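Which chain is which? They are A, B, C, D and E, in the order written, and residues in each are numbered from 1.
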Amino acid sequence: MSLLEISGLRVSTATQELVHGIDLTIDKGEWLAVIGESGSGKSVSAFSIADLLPRGLTRTADRLMFDGADLLTLSKAGYRELRGNRIAYVFQDYQQAFSPYYRIGKQLDEVLKAHTDWKPERRREHAAATLERLSLPGDLLHRYPFQVSGGQLQRAALAAAILLDPALIIADEPTTALDAVNASLVLDQLADIQKEKGCSVLFITHNLRLAGKFADTMAIMQDGCVKERGTVSDIFTAPKAAITRNLIAAIPPLRNIPARLPVALEGVA
Amino acid sequence: MVALKKLGEGLVFLWLLTLVAFAVVKLAPGDVVLSMLRIDTVAVTNEQIEALREELGLNMPIWQQYLAYLGSLAHLDFGTSAMTGQPVIAEIGKAFPATLMLAGYALALALILAAILGAVGARFAGRWPDRGVLAFCMLGASIPTFWLALVMLNVFSVRLGVVPSMGMGDGGMILPTVALAFAVAPPYIKILRNSLIESQDLDFVRASRSRGLGEQVIFFRHILRASLIPVVTIAGVSLGSLLGGTVVVEKIFGIPGVGKLMLEALTRRDYAVIQAFIILIGVIVFLINTLVDLSYRWLDPAISLKGKARA
Amino acid sequence: MSPVLEIRDLVKTYGDVRAVDGVSLTVGPGECLGIVGESGSGKSTLARCLLTLERPDSGDVLLEGRSLVGLRGGALKESRQRLQVVFQNPASSFNSKLTMFESLMEPLRIRGDVCPSFVDPGTPREVAVRLLDLVQLPKSVLDRKPGELSGGEKQRVAIARAISVEPTLMVFDEPTASLDVSIQARVLNLLQDLKDRLGISAVFISHDLSAVQFMSERSIVLRGGRIVDEFHRDELFDDGRDSYTRELIRLFED
Amino acid sequence: ACGSGSSDSTADATAADKTLNFVTVYPANTTDAHQVQASFILNSGAVETLVGFDPDTLELYPWLAESWDTDDAQHWTFHLREGVEFHNGEPMTAEKVMASLQDSIDVNPGVAAALTIDSMEVVDEHTLSITTADVYPALISNLVHFNAVITDVDAEGDLPVGTGAFKFDSFDIAGEAVLSRNDSYWDGTAKLDKVVMTANEDSNARVMALQSGDADIIYRPGLESLPTLEADESLTVDTVSGTRVYHLLYNYSGANADLWNNEEFRRGIDALVDRQSIVDTVMGGQATVAYNVFPGDWPFSPETTEHEFGVEAALQHFEAAGLDVADGKVTRDGQPLSLKMATYVARAELPQIAQIVQDQARQVGIDMEIYVAENIDEYLPQGDWDLVTYSLLTISRGDGAFFLNSAFGADAAQNHGRLDDPTLQSMLDAFNKEVDVDSRTEQTREIAEYIDAEAYNSYITVPNESAAFKDTVTGWKTPANEFEFQMITKDLDIN
Amino acid sequence: MKQRILIAIVVVLLVLLAFGPLIAPHDPNLVDLTARLQPPGWEHWFGTDQLGRDVFSRILTGGQTTVGLTVLALAISVVIGVPIGLIAGFRGGRLDWALMRVVDAFMALPEYIVAMIIAGILGAGFGNLVLAIVIVKWVGYARLTRSVVMQEKAKDYLQVSTISGASTFSILRRHMMPHVIGPVLALATLDIGKVILLVASLSYLGLGVQPPAPEWGSMLNEAQTYFVTAPYLMIIPGCAILIVVVAANWLGDQLQQRYATGGARKEDVDVAA
């Protein structure tokens, strides 16, 4: 049964269409990786799901259903209720994941306060427990964002996302700002949670290696269109679209190192 | 550690200030002697002028004068006003409340204006209310304060007679306050407006929105907080135009403040007063800047804690 | 053969942080040494020390047997000119107000050189075009400002700029970290080509084990400012690797 | 219920309380009457001097001193008025007067220089003997100085404790001074109950205060506002001729000393001064034309001889001075003349007068560069100027001594042109030793005539002094200058 | 469209400033005592002043003094401030610390007050006025330049240049100057307005340019006495100042928007101003 159903989604500015009617579905418990080069429209598509498009961008769609509810007709309050509670986001820039002026604990608390009527005591316990689940030290709650290392902060952002056990986590390039070592750590943890909670993940990246490692299914985007869609194993073994083949070839291997990496289209960078 | 460094910087600054105060006066032509001898009503000879100069120590070598000056400053002795024979401290102390009141009222009014107009500008960014706000800022930044004050005086006091022209009680402060606030407010309005607009697109504001926080929480806790930092920054800087403005406004409206005292001291070459004035202003500015610094620390914890975080 | 670069017991601290904590290594002629490590492990600090951009607290850096530490004035300038570097962030590697031509030709201009030996001589503009050729860029790039080029293109100009003066030693500090995988592949290929063709000695820094593995025969692993492991390309999967290296391998294995 | 002056019923008192609001020009900068820079305290009517100065006759009269005598103008005996009390009830004794004068001398170098007192001695309760450093007939006149007022220096508190018809209730130098009637005044009691006195240097502000009803009397309304005020039915503008003369000083020791030492040249410049125009325009008609040091009909005023005015007359003088005159332009060695004229803004009309003179000079080909000095008395001693518009009280405290000594003494501070004429100096020396009042008057006139004959300065105009007040005010007398008179007097009343 | 109108206004103003004395219908210094204080009319568009001089002509010629003085003072400030900022920002360390303390000391005293004290003590006059302005203004340029340099210094291309053997001087000239020029120009344009206001204020306090030279500030000062009877004497120079300052501020805003993003942080320009 599908959790999120998108069909014919278009995003445009006043002058130009950025996303040209894409279709995507995510089943409950599915981890979908959306791959594509920079500027292919991954982020704006993801933002349009929970009505978070920046000013000046508008979305239209034939169908936009989340867990049986029609998002196209949902009220502002409905969206507010949805965000952070049922659909959670993790963005790329960990530095900006939290307001620099308040301690992390305070900001997690704000989220809980917005969506529950729990007592402060319970909220505090829950926040601490969530951090622990991500193997983050408990004193993180009392620190300001800039007092925390990059990997930890990105995991704290993940904590903010999973606080209320959302049905869908949208992770928009959550690791590009991290080094390879920390990136893997964060994704490992996201994978653990997904397994444990059975939530769905919409994972946006342009790193095919990571997608292959963590996702069940993949969609490859280029120029505002989905070029290919399938299970991870299908795509790695039998890529159909040229863009897919290029991306796969570009990953340097650890063994049997070639003299050159295969690059499909010379002269374009 | 930080406090110690601040203290050190403060002392260096204070010393520089004494140097400036002393130098300004020594570089100046003329001295207080003519005024002390009342030459516009008493016939005196150049011989008498020289004698008084000698007596006042004005003919000592410059460095001796500076040391003597530093020495008396160390005892918090700012000297005696040659005009009145009163301790300078007392003179300034008497004039200070009026200036403080004027500056305080004007600043308060400017901040209220800034809060309202800044919010309006940001809320309607790009549309006509915003343009109106920007035009107001442009106008406010371009009108000579004293000119505005005189025009207002003419219109409201002389022609309409709705407010008194001078004096401090009974609404006498209305025109001076408004004139001064008009000059001081524009940078606040503009900065607040701009940073409100900019903050709305900050990533962490977006992140908060994605977590389903209410718009009010986002505005008051996250956007406003970020916008206050530049406002506080210019608070330190606009102090200058505020104090400068008070001098002019005090003169026009006959408000017996520090500015008026300084103007009088300037014409009478009452250098002890001018020196004390320089040091007073310097210290005020230093205090305000320290306050601004502290409020940064409160507004942006990163500033106070970053050092610690790294160490 | 004597090493091109030798670092002995290098220590650099910032306040309480020991960013580089007693590192010794050598780079032979024509060799490309890989350095892997996570963020904050001291890779860039090490690079800046050997580039003479930072004065180490102790230890020595020898370029072709001559110490770089403590050089000043003309001697420093002369030694520096035998080093070149390509940084991680292509956006900040160029002065946004200058054209690519001006930026590209700056090192040559300062040296007063007419032309590197590996391209045909000509006017500065012709030389610039030939250098761009080497990194597979069209000459139209020359008159543009950095803002009008993509990250990958800028990075390739940066590489052309670095090799133009035929340095004795090149330092690549995460040259592909901010690029897309497909562009990264292109840049890595290019570096590999140039290195082979010109026989330059190099230090290649990255947090991406697979990129280091691709570029370098021999690599070291840095952690907390110390070398925790050192291996030849073929020895990566050998037993007895340091536990941290094994952790890295796990992250990069498919 | 309202019989005699005393009113015990408070309700009655408030109803009958006569309060007058007076706005003068310069505020006091201290409450110390011996140090204050402006004459605010003297003007307030709270204090008095030993010798008074009559605004009508410009003659000295006995005030707190009933009489004085001296044989040699060096040893003086002052007989003090009896039955005078300070505001705090202390009797005014020779002891107190001596202490007061001593304080003035100690804290105020100007008073010390003006009085040149060598020693003082109490002879009896009401007799004080004073010895001056030298023969000094000008002592009497200088006792009128506003810093030489007699106060009780032993009195507590900051308020000046004098002997006047009013006493200070409160005195905020920055704000207002509130005075109330001194019921035990020696010269009868005042008509007003209360006076609120403030100062404002901005003439617009003063005028506005009067127009808005905040003030009952204002001193020195701005010239340009006089027509408006005069047109107002409910207001009176009172104008008297002042004792200040605007004039041109020449630099006898500067770069162009040769020109200025040439009498014909001076006469030429003098002929370029369009006095009548200046009076009509710059002075707004509120002034009289002056040709000599002491214009008017004071005892020592010389006979007025009008000076010729006009380009023609000027050119004749220039030619006589040995300069080349052709086509209505004057040149020296083929070069046009160029002079530097200093002026200053403290008296707003002076720069305008300078501009008018400049404009006239241009017509004869003389280029005058105007320099506006911030502090003219500091600028002039530097010597880098040719002529300057200047202003001084010439008839000060009933005597020409101040002006003549100040402006023509060889070493005098305000002899800015460093004029050194032995004839004039010996006349001045003789005058300074002359004790006899009539002879002094005679000599003053002679000196003035001599200065006029030599055209040493060019006297231009005597500005009027004026005050404006509501019609309800009576007993106001506009003083000829602000330095030498009480303005609030016992005769002042408001209905 | 609106942009174009504003540009046209600026151009007209510049033309009026440049050729004002030529356009002026009367001799601005010609005293005509028979035509004093005439209100604006056909013969004298802006009326005449207390000495019967033509106000229109004085406004036209006066602009050159006012704006010329301002531009001269700012040019000197730039020439002093920019090199100091360059060196302080680039060298860093103790030199920077010392220079910045000096700058702090200058900044600590509000510019209005410092200018008043200097002009008040030295006396009125063109030279002293320029000096007073330079003393309060150079600091802003030093600060701004320094902040631009500090920001650029963090970028890798400087390290590349250093390694390539570029001298400090050539780095400052070739790499830093292009970044500095824009923001400095923007600040200077904004300062034109501020300095004109400062000059006017000083003139109001009697510390301005000397008569009879027509200068807007001193015209205001002279007009003060006639404020009630001949308000146009005050209104007209006031409006002239207002228009020029608005134009300069607008131009400065434009330049600043253009350069602030590329160069210094926006607040820096605002703050330094």
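We take it that contacts are C-beta pairs under 8 Å (C-beta built on N, C-alpha and C of every residue); 3 or more make two chains touch, one makes a residue touch a chain.
What you are looking at is a predicted structure, and each value in this text was computed from that prediction instead of being measured.
Asks: Greatest Cα-centroid separation from chain C: which chain?
Replies: Relative to chain C, the chain whose C-alpha centre sits farthest away is D.
Asks: Compared with chain A, which chain's mean CA position is the farthest off?
Replies: It is D whose centre lies farthest from that of chain A.
Asks: Which whole number of Å gives the spacing of the CA centres of chain C and chain E?
Replies: 48
Asks: Distance between chain D and chain E based on Cα centroids, please, to the nearest Å.
Replies: Roughly 42 Å separates the two chain centres.
Asks: Nearest whole angstrom, what separates the Cα centre of chain A from the Cα centre of chain C?
Replies: 33
Asks: Report the inter-chain centroid distance for chain A and chain E in whole angstrom, where each centroid is the mean of the CA atoms.
Replies: Once rounded, the distance between the two centres reads 53 Å.
Asks: For chain B, what residues touch not just one other chain but two or more?
Replies: 29, 158, 251, 267
Asks: Can you list the chain D residues in contact with two or more other chains?
Replies: Each of 204, 375, 379 in chain D touches at least two other chains.
Asks: Which residues belonging to chain E are in contact with no fewer than two other chains?
Replies: Answer for chain E, listing residues that touch two or more other chains: 120, 122-123, 224, 227-228.
Asks: Where on chain E does chain D make contact in their complex?
Replies: Chain E residues touching chain D: 29-31, 33, 36, 50-52, 119-120, 122-125, 206-207, 210-212, 221-222, 224-230.
Asks: Which residues of chain D touch chain B in their complex?
Replies: 27, 29-30, 32, 35-37, 107-111, 113-114, 142, 145-147, 172-175, 198, 200-202, 204-205, 208-209, 211-212, 214, 346, 375, 377-379, 382, 392-393, 396, 401-403, 405-406, 409, 411-414, 483
Asks: Within the complex, which stretch of chain E touches chain C?
Replies: 152, 154-157, 159-166, 170, 174-175, 178-179, 262
Asks: Where on chain A is chain B touching in the complex?
Replies: It is residues 50, 52, 54-55, 80-85, 88-89, 91, 93, 96-102, 107, 110-111, 114-115, 144, 146-147, 157, 160-161 of chain A that touch chain B.
Asks: Spell out the part of chain B that touches chain D in their complex, as residue ranges.
Replies: Touch list, chain B to chain D: 29-30, 34-49, 52, 81, 83-86, 94-95, 98, 153, 157-158, 161, 164-168, 251-254, 256-257, 264, 267-269.
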